[in-house]
Amino acid sequence: MSIFQRSSRVFAIDGVAVSIVFLIMCVYFAIASPYFLSPDNIYNTFVESVSAVLLAAGLTFVLISGGIDLSIGSNIGLSAAATLFAIMNGAPTLLAVLAGIATGLIFGLVNGAFVAGLGVSDFIVTLATLSIGAGVLQVFTARTQLTGTADSSFLALAGGKIAGIPTGVLITAVILLILEVALIKTPFGRTIYAVGINPNAAYLAAVSVRRTKFSVFIISGIIAGIGGVLLASHLNSVQPGLGGGYELTAIAGCVVGGVALAGGRGSIWRAALGAFFLSILSRGLQLTGVDPLWFSIVTGAAIVAAVAFDRGAQKWLQSTLRPVSPVAAATQNAQ
Amino acid sequence: MNNNENFQSAPAGPGDQPIVSVRGVGKVYPGVVALANVDIDLRPGEIHGLLGENGAGKSTLINILSGTVSPTAGTLRVAGSEVTIGTPRDAQDLGISTVHQEQSLAPNLTAVENIFLGRELITGRNRVAGVLDEKEMRTRVLELAHEFGLTDHDIRVPIEALGALKQHVVQIIKALAFRTQVLILDEPTSGLADHERLTLFSYMRQLRQKGISLLWVTHRLDELFGLADTITVLRDGQLVATVDPAGQTAESLVRLMVGRSNLAAREEIIEEGRVRGFSGARDEVLRLESVTRHPLLHDISLSVRRGEILGLAGIAGAGRTETAMAVLGADRPDSGNIFLHSRPVVIRSPRDARQKGIAYVPEERKTHAILGDFSIKRNITISDLKRTATAGLFLRGRQETATAKRYVSDLGVKTSSVQEKIRNLSGGNQQKVVIARCLFTKPDLIIFDEPTQGIDVGAKAEVYRLIYEFVDQGGAAIVISSELPELIRVSDRIAVMREGTIVGELESTGRDETASETSELGERIISLATRGAVAV
Amino acid sequence: MRPDMSSSLDAPALGNRIERLLAKPGSGLVALLILFIITMTFVAPSFLSLGNWENIANQAVFVLLLALGMTIVLIARGIDLSVGSVMGLSAGVAAFLINQGLIFPLALLAGIGCGLVCGLLNSLMITKLGLPDFVATLAMLGVARGVLFLWTKGTPFTRYMTAEYRIVGGQVKLGGIISVPIIVAIILCILVSLMLRKSVIGRYLYAIGGSPDAARLSGISVSKVKTFAYVVSGGCAGLAGVILAGRATNVAPTLGTGYEILAITAAIIGGAALTGGRGRMVGAVLGALTITLIANAMNIAGVTSEWQQVVTGIILLLAVLLDRITAYFKQRQNRAEIEPSPQQEQESAPSAMPKQALS
Amino acid sequence: TTPPGGSTAGAGGGAGAGAEGSTEFTDAVKKLVNGRTLQVGFTPPVLSEYYTQMENAAFTRMAQLEDLYGVKWKWEKSSPTGNFNAVEQQISTVQTWTSRKFDVVFICTGANFATMQGVYKNAMNAGTKIFQFNQPVELYPVDQINTVSNIGYDNRTQSGYVAGKYIADTLKGKGKIVQIMGPAGSDWTKARLIGFNQAMSENPGIEVVGTADGGYLRDKGLTAAQDLLTRHPDINAIYGENEDMALGASQAVDAAGLKQWDGSQGIVIVGADGLLSGMDAIRNGKLTATVDVNSVDNAIRMIDTAFQSVVLNNYVPKISNITTHLVTKDTVEAYAAYINGIMAPKKKY
């Protein structure tokens, strides 16, 4: 095997192509703007992208199972509101966190009950819960002033630092790790892929499609709830439209990371990378002083370039792998 | 590579100039040589049989001819001139029609719409606007459809509402309905009932008479004799021989397909049959009592014991698959009782069924059995993942691979690695993986729905062996098959279904049966299964 | 839960047979609409007035035009997220060219042309670069919006309204009877319906949505058909844009933002599915009307906007729920008859089957 | 002494020449300026006609100060444009501008008050001075605002109340009206509504019979007005909380075949913003009146305040209110001319 072939195999590791695009972009920004690598900017970039990354990671479960969850946008907003409301009313931090997660769980339960339980279109159901959630958040914030808390232990959830790393980022990293392990290493994760690849076959192969569908919505809901908790701690305030449009950002992040909307393909780290890619892109553009009128055009073009490059790399890789005769392979296999 | 030991010169065909002439064609997939240096000539007015084990490259050759796969080497000539067939459209334009091995119909369209897909008839006056002439299309296929047992209703509903076999019939009609130069049939008879096969054969003869050349893949060697004019055998992607069937027997063909080196091992399997038999207590595993599910199933009662194989016979749409669905919990019966080990149970889902010890081999491989993007390994373990997980929590990759490797070698799945995506396997090898999946769950009862669809002779014997072994170790099996000889051969008892009811149950003594007894039993089954519906 | 769930998963023979017996699409929706309208007549009798129906029709036109295009794209197993942005950009093109002194009809055509070009670009990204539909049209959503922003520099295009444009925008009724947007919408509905049901290309759309492989094997060029779908969708967005410019009387750079979600929602409540192969013109009309009607009714009833969101969500949930309930009853009724009447099945055109959500 | 750019600009002389103060004073200031370049960032919540007018007024004033005192400007504008969340984009805009060591950031945002204060604080600590403009700071606790200065007007008394009072006066204290409001939860909407309601409570004869959300957009305003007119065809006035929505309502009135206010009868339609297109409409009788919240003075005061604070190190007021104008058919020419005076700045930055 030539060195060339061996190095081309590197692309076979899922997502290496996307990572390369990501690195190229970072290098470019680092050269184009002296501020890009400044500690301040790095800190801000990580802290601000926490919610996008979390949402994308939770959503990945739903997407891999072949579904979609639009409600995460208002879920994160409402969970943040619930958390802050609890903490401002004197609840201990732990209880407030639970309040946020419970809110996310409720979204997951409702979505799951309708989609998996009744078998109605996930697009419509989660659009409906998105709309309801957004309305409830507005009503809620109009009635209660969620102006913030001074509870330092709560604020430290996202704003504190452990070994110089923001706690919010640490918590996110741990959650990502857990999710990735759950997806790749557990029977449960495996069935999610199976359902996404072919629900009919999975069903007949004794996979409980309904339970799987139900659980992915629960996971997506809970993760959005955790995102809401961190957001509440980070912003220390909740505004009526909080979270609006996050769902699109999260979906875009997943898709850029190579999670297939049709189901069956994707992983947590790729989704997180995709979401991070988008937030770094918009920061980098601002840092390099690009006219913001160009932002959405550049973002669109970058998405196309990243995904096209990824595909191109995969194809190229497939064509460079050395063929083996089936006979040879079969004997090899038998040993 | 025609300097093969078995090479015999091609017999002089009935036609003169070949319509299609393939020279040195090869196809290389990443990691696999699917086809290497194959020469084949199709003459007008000949039925050209194409044989080979699973994974020999038959479908690959066909895909090249029909424009769905582009060859990596070689040339194609059609009617004397060199061509490239880049798309299915090109193939159509050259007069090549294909019935593919796998289901290839749009599920949301009706039979008529599917048959004319890509070749719609357009109302004369409205040619420019492209207005469809629905009526004409319908009348054109009606006769053909009736002959193949499709009702008026069948051709009106989306084909996803039809059973697997009827869908297959639609696919055949799709190829027959048009004037073509070359008709390619990739295992057209797999799963067809006898009378449907006969209809198909008579059509094939008619076409031959009209000077059309047919390329025909089958794993049922008995069909070939008396019908095929020439036979080409492939092995491991290479041409072994092109022979005249007159000088061949089933055994000699098998020898060509399998090759000398592998022969000894295979023969043993083929001959072995069911020797031992289960010696433990033959207690009942499953019993259905008056299971009814509207609108199709009425009053189904049957039972199957340990060490026993129950065959389910019937024509397409008789309700055999539906019965399996009821047992599996995919459909809940409206009334009636299901007993497992003599205890009444409610089976809520296939998952529940698995926990209660029932596994199922689906009839529609592509859409209902395989998880295309998953590797072979993952396809095998998916039904019972807890078994390959530490404390039921974390998957153990190495153990999983070892398990998968064991099944792959036990079942003779031809693949470069257990990490290969199942989608890239040949049809027969996919089927073996699906059976492996069922065996992996260590069930008490396996329902095999058309288990040998698309499986080669050798592998068929292996599948029978697997079934025998399974029941001999105390399992119970229900085998649904449209191939009567097969059914008679493997079953201990055969229940015959018609229009959703069981119309009779016959003892079958399996392989001990003499030829005349077999055909007598077969005739009784056919008359039970089709009374009043189809004249044979 | 009911076994109808599981039946959507097993062999198509079984699941779809039941699906087929279920319900015509949107029967729950229609029932809900009727219920809704009856309630509204008590809240505000003027809801039923002719004038209000005209309003609803005029408001629904934009979502409807987009939903028609979207339905076509969805049938072909695609999705077009760019329609809102493209609509805005096309409006900008028309307004700008009129201000530049181009004669009115040409300016309108240029606006529609802009939509067609955007659709074509979408399809090129999808068929030539092999991008997922979602990614390509998401990029176009950003790019078209960005171009409009760059072009307007954030200040709306104004002062392009002419007497003709007031007619095209539906501000003045043609002959005092009916407004141009409604006529355009009706014509387009008829065309789309004919195209989907009677034409070869319509058949191909359903085929590639149902099974791209089968379509390819039948000699259909999937990329050509997809291109057609996206170009039509872009054209519909362009058409909607030039009309919207006439209605809004200024083209703000944000014009049309968020319409893509409305269009997708309308198409999906109308029976189209993200999984392709199904969808009908009537469904798009019903869907667009439902969305508009709900908003209109709540404005009239004086529901504040935050509660409007809540109510809209609940109505959506109720609609799908009702669909399931009617389906369940239909199914029971059908099971009661041993022999299904052929008539019943005949009604389920290929497009007509609401795919159950599990797939 | 007269501070440079002081009251003259505020009094409405934005378009005037540049002679301010004595020559000695000018020279002295020049020395202080010392040819310095101010790196300025301007981030409105959306791109719209209103903020374009503001930007032009700012350029006009910047050019004047440059002529007078030699101060140079580097101007960057950023406003959320994408479909992605607006608020996040503005937060990160401020952060990146801070990283890039901007001297001044002018911001008007829909983001939550408390959230922004943290962002402002970090920016100010890093040496970037933050000025809010057109922000409804009257709703916020002044002592918690972490900006140098807030230039604007009181939305309650200078916008909402003015509009309400004008409607009431025109209708002679009796009649039914409907409101078309901005997006629910928007602080502008909240503040203006307080003022509007104040005017209503002073005029019990006026009844608000309907409210709908017009999202600050013309086509949505039109739709909302159409729906409201269906139920209430007999109303006397429509209050559009911004001008675009009021213009949409005006179309709805026309389309419904109703008559607009002609000085004695018809439906009174009042908006708020002060856009040239709105003034056009007033001239043409398509809008009865609007509250011009004075894009011009807002921008001029903003530039002056930043100049004073950053260059001259003066103490600027935390809250700096400008004048707003009620524009009717009688006064429209004057205010239109006032805006037109700054629309072609000498220099663009």
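By letter and in written order, the chains are A, B, C and D; residue numbering begins at 1 in each of them.
What we mean here is this: contacts are C-beta pairs under 8 Å (C-beta built on N, C-alpha and C of every residue); 3 or more make two chains touch, one makes a residue touch a chain.
All of these numbers come straight from a predicted model, not from anything done at the bench.
Q: Which pair wins on C-beta contacts, C-D or A-C?
A: A-C
Q: For subunit C and subunit D, what's the span in angstrom between their mean Cα positions?
A: Chain centres of subunit C and subunit D, defined by C-alpha means, are spaced 38 Å apart.
Q: Indicate the whole-number Å distance between the mean C-alpha point of subunit B and the mean C-alpha point of subunit D.
A: 74
Q: Taking each chain's centre as the mean position of its Cα atoms, how many Å separate subunit A from subunit C?
A: Distance between chain centres: 29 Å.
Q: What whole-number Å value describes the gap between the mean CA coordinates of subunit B and subunit C?
A: 42
Q: Specify, in ascending order, the residues of subunit A that touch 2 or more different other chains.
A: Within subunit A, the residues that touch at least two other chains are 138, 142, 200, 203-204, 210, 240, 293, 295-296, 299.
Q: Among the residues of subunit C, which are close enough to touch at least two other chains?
A: 6, 9-12, 141-142, 145-146, 149, 153-154, 305-306, 308, in rising order.
Q: Of all the residues in subunit D, which ones touch at least 2 other chains?
A: 47, 79, 81-83, 183-185
Q: Tell me, which pairs of chains are in touch?
A: Pairs of chains that touch one another: A-B, A-C, A-D, B-C, C-D.
Q: Sort out for me which residues of subunit C touch subunit D in the complex.
A: Listed in rising order, the residues of subunit C that touch subunit D are 44, 46-47, 49, 51-52, 55, 58-59, 141-142, 145-146, 149, 152-156, 158-159, 171, 244, 247-250, 252-255, 257-258, 295-296, 299-300, 302, 304-306, 308.
Q: Which residues of subunit C touch subunit A once you look at their complex with the stated criterion?
A: Within the complex, subunit C touches subunit A at residues 1, 4-6, 8-12, 125, 129-132, 134-136, 138-143, 145-147, 149-150, 153-154, 261, 264-265, 268-269, 273-274, 305-314, 316-317, 319-321, 323-324, 356-359.
Q: For the complex, which residues does subunit A have touching subunit D?
A: Residue list for subunit A touching subunit D: 33, 35, 38, 40-41, 44, 48, 138, 141-142, 147-148, 235-242, 244-246, 248-249, 282-283, 286-287, 289, 291-293, 295-296, 299.
Q: Name, in rising order, each residue of subunit B that touches subunit A in their complex.
A: 28-34, 55, 236-237, 328, 330, 349-351, 353-354, 359-360, 362, 367-374, 378, 382-386, 389, 392-395, 405, 408-409, 414-418, 437, 441
Q: Which of the residues in subunit B end up touching subunit C in this complex?
A: 66, 68, 87-89, 91-92, 98, 100, 104-110, 113-114, 117-120, 122, 129-132, 152-153, 156-158, 160-164, 294-295, 321-322, 325, 328-332, 334, 349-350, 362-364, 367-368
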